[in-house]
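By letter and in written order, the chains are A, B, C and D; residue numbering begins at 1 in each of them.
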Amino acid sequence: MKPLDSVSVLVPAKAEYVSVVRLTASGIASRLGFDIDDIEDIKVSISEVISRMIDKRVSSGRIAIDFHLFSDSIRIDFRLSDSSPKDIFAGGADDLAFEIIRSLMDEVNLNTDNQALLSMVKKLERAV
Amino acid sequence: MKPLDSVSVLVPAKAEYVSVVRLTASGIASRLGFDIDDIEDIKVSISEVISRMIDKRVSSGRIAIDFHLFSDSIRIDFRLSDSSPKDIFAGGADDLAFEIIRSLMDEVNLNTDNQALLSMVKKLERAV
Amino acid sequence: MFELVLGNSGGNEKLVFLRGEIDIYSAPDFRENLFQAIGDCKEDIVLDCSELSYIDSMGLGIMVAALKRAKQNDSNVRIRNPKPNVKKLFKITGLDKVFIMEDSK
Amino acid sequence: MFELVLGNSGGNEKLVFLRGEIDIYSAPDFRENLFQAIGDCKEDIVLDCSELSYIDSMGLGIMVAALKRAKQNDSNVRIRNPKPNVKKLFKITGLDKVFIMEDSK
């Protein structure tokens, strides 16, 4: 399915830019109509992924974050400007960060075929 | 001069995304150490440019905003994904929006040669 | 994140509270609601800006249009209690000389 | 936007106020200041989270490391008054069963 709109952010793979992406994400998510709790979930999940990329020095360059907006959901794709190992969640299911993302998002896909290292989805009006 | 770091944001040329760019800009500017007044100046200036691009339907596609960070300043470049007329400030110097940008930023360049439609600079610790 | 609320000031002025951000996204809303509020009233329009956190040239342009309409009715538009960042924009555009600026605080 | 402030609680506990955001950027600061605060103290460490607006797995990992150190000294780490979003992270990671969670409000 084609998104209604897409917003992309490209930041250096450095710790000081993670909060910039969080701020951008909260702006986009609030525009789409997510409530405060869902916006917080999205911010935390994005931070976990980017921090892991930076921490594992997966990228020496820039990290691209694509926000794809749909009528009932948002999909966030993470791309890297350089080729690099793709095992950012080496710890697997036991991993604290991965556990958090899996709990907070509705879908998480690693190594997707649309060039994204990781892709995750949050639905609007999520059935709890 | 090469920037220390660069952050890029790509948004649809639609009114609802201007506030998203404002939020991103304030995050970047505060990281660089600008004070609240300067951050506000940057936010207003960016909004004026993007709003004008949208209002004059300069772009049907997406608007790219590049934030180039230097040790003592930030340069913001605006690029368009499609070729289009470049007279977004047709009113010239009398134009309210252009007047605001010129007052709030330290430098404003139209139709620069580095592919940017408009480029503007704000210095840190601006001498008043 | 933009709201226009009509106030009840009692005096011979029409009180209009502005809250939030006026930018290209909220400008159509602002224009419509403001002109509806003005109508053909002969009283001064007071724009209470104490809760207005953001405005740009589009919002200022709409205020100027409102002022023109008010002058036609022999009334005026007064800008009350703008925050420093909003006040600054009136100043650098010279609009602080065009509108009646009021600081009650 | 992160601050760690040592409190003076009087009782037999060591009070540590956390303020702002703990993420990958502020984590090294948090780790260093927290372990310096803990030192070899035998009292329980109370992390007052009432002003902590944000935390992620990195911050939680540092708290777990602090807990291990405390246990070596036969003391404990208590998490006091976390905001709902912070509390939620303790819950989904199961760390609310590992730490002593306190709500004084």
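Here is the rule we go by: contacts are C-beta pairs under 8 Å (C-beta built on N, C-alpha and C of every residue); 3 or more make two chains touch, one makes a residue touch a chain.
Molecules present, by chain and UniProt name: A, B = Serine/threonine-protein kinase RsbW; C, D = Anti-sigma factor antagonist.
Predicted model, so just to flag it, every value in this text is computed and none were measured.
In this assembly, the chain whose C-alpha centre lies farthest from chain A is C.
Distance from the chain C centre to the chain D centre is 48 Å, each centre being the mean of its Cα atoms. Averaging C-alpha coordinates per chain places the centre of chain A 26 Å away from that of chain B.
Computed from the mean C-alpha positions, the centre of chain A lies at a distance of 41 Å from the centre of chain C.
For this pair, chain A with chain D, the centres built from the Cα atoms lie 26 Å apart.
Annotation for chain C: no residues touch 2 or more other chains. Within chain B, residues 16, 19, 22 each touch two or more of the remaining chains.
Of all possible chain pairs, those that touch are A-B, A-D, B-C.
The touching residues of chain A, counted against chain B in their complex, run 5-12, 14, 16-17, 19-20, 22-24, 26-28, 31, 62. By the touch rule above, chain D contacts chain A in their complex via residues 1, 21, 23-25, 54, 56-58, 60-61, 84-85, 88-89, 92-93. Residues 15-16, 18-19, 37, 40, 43-44, 47-48, 50-51, 54-55, 96-97, 99-100, 103-104 of chain A are the ones that touch chain D when the two sit in their complex.
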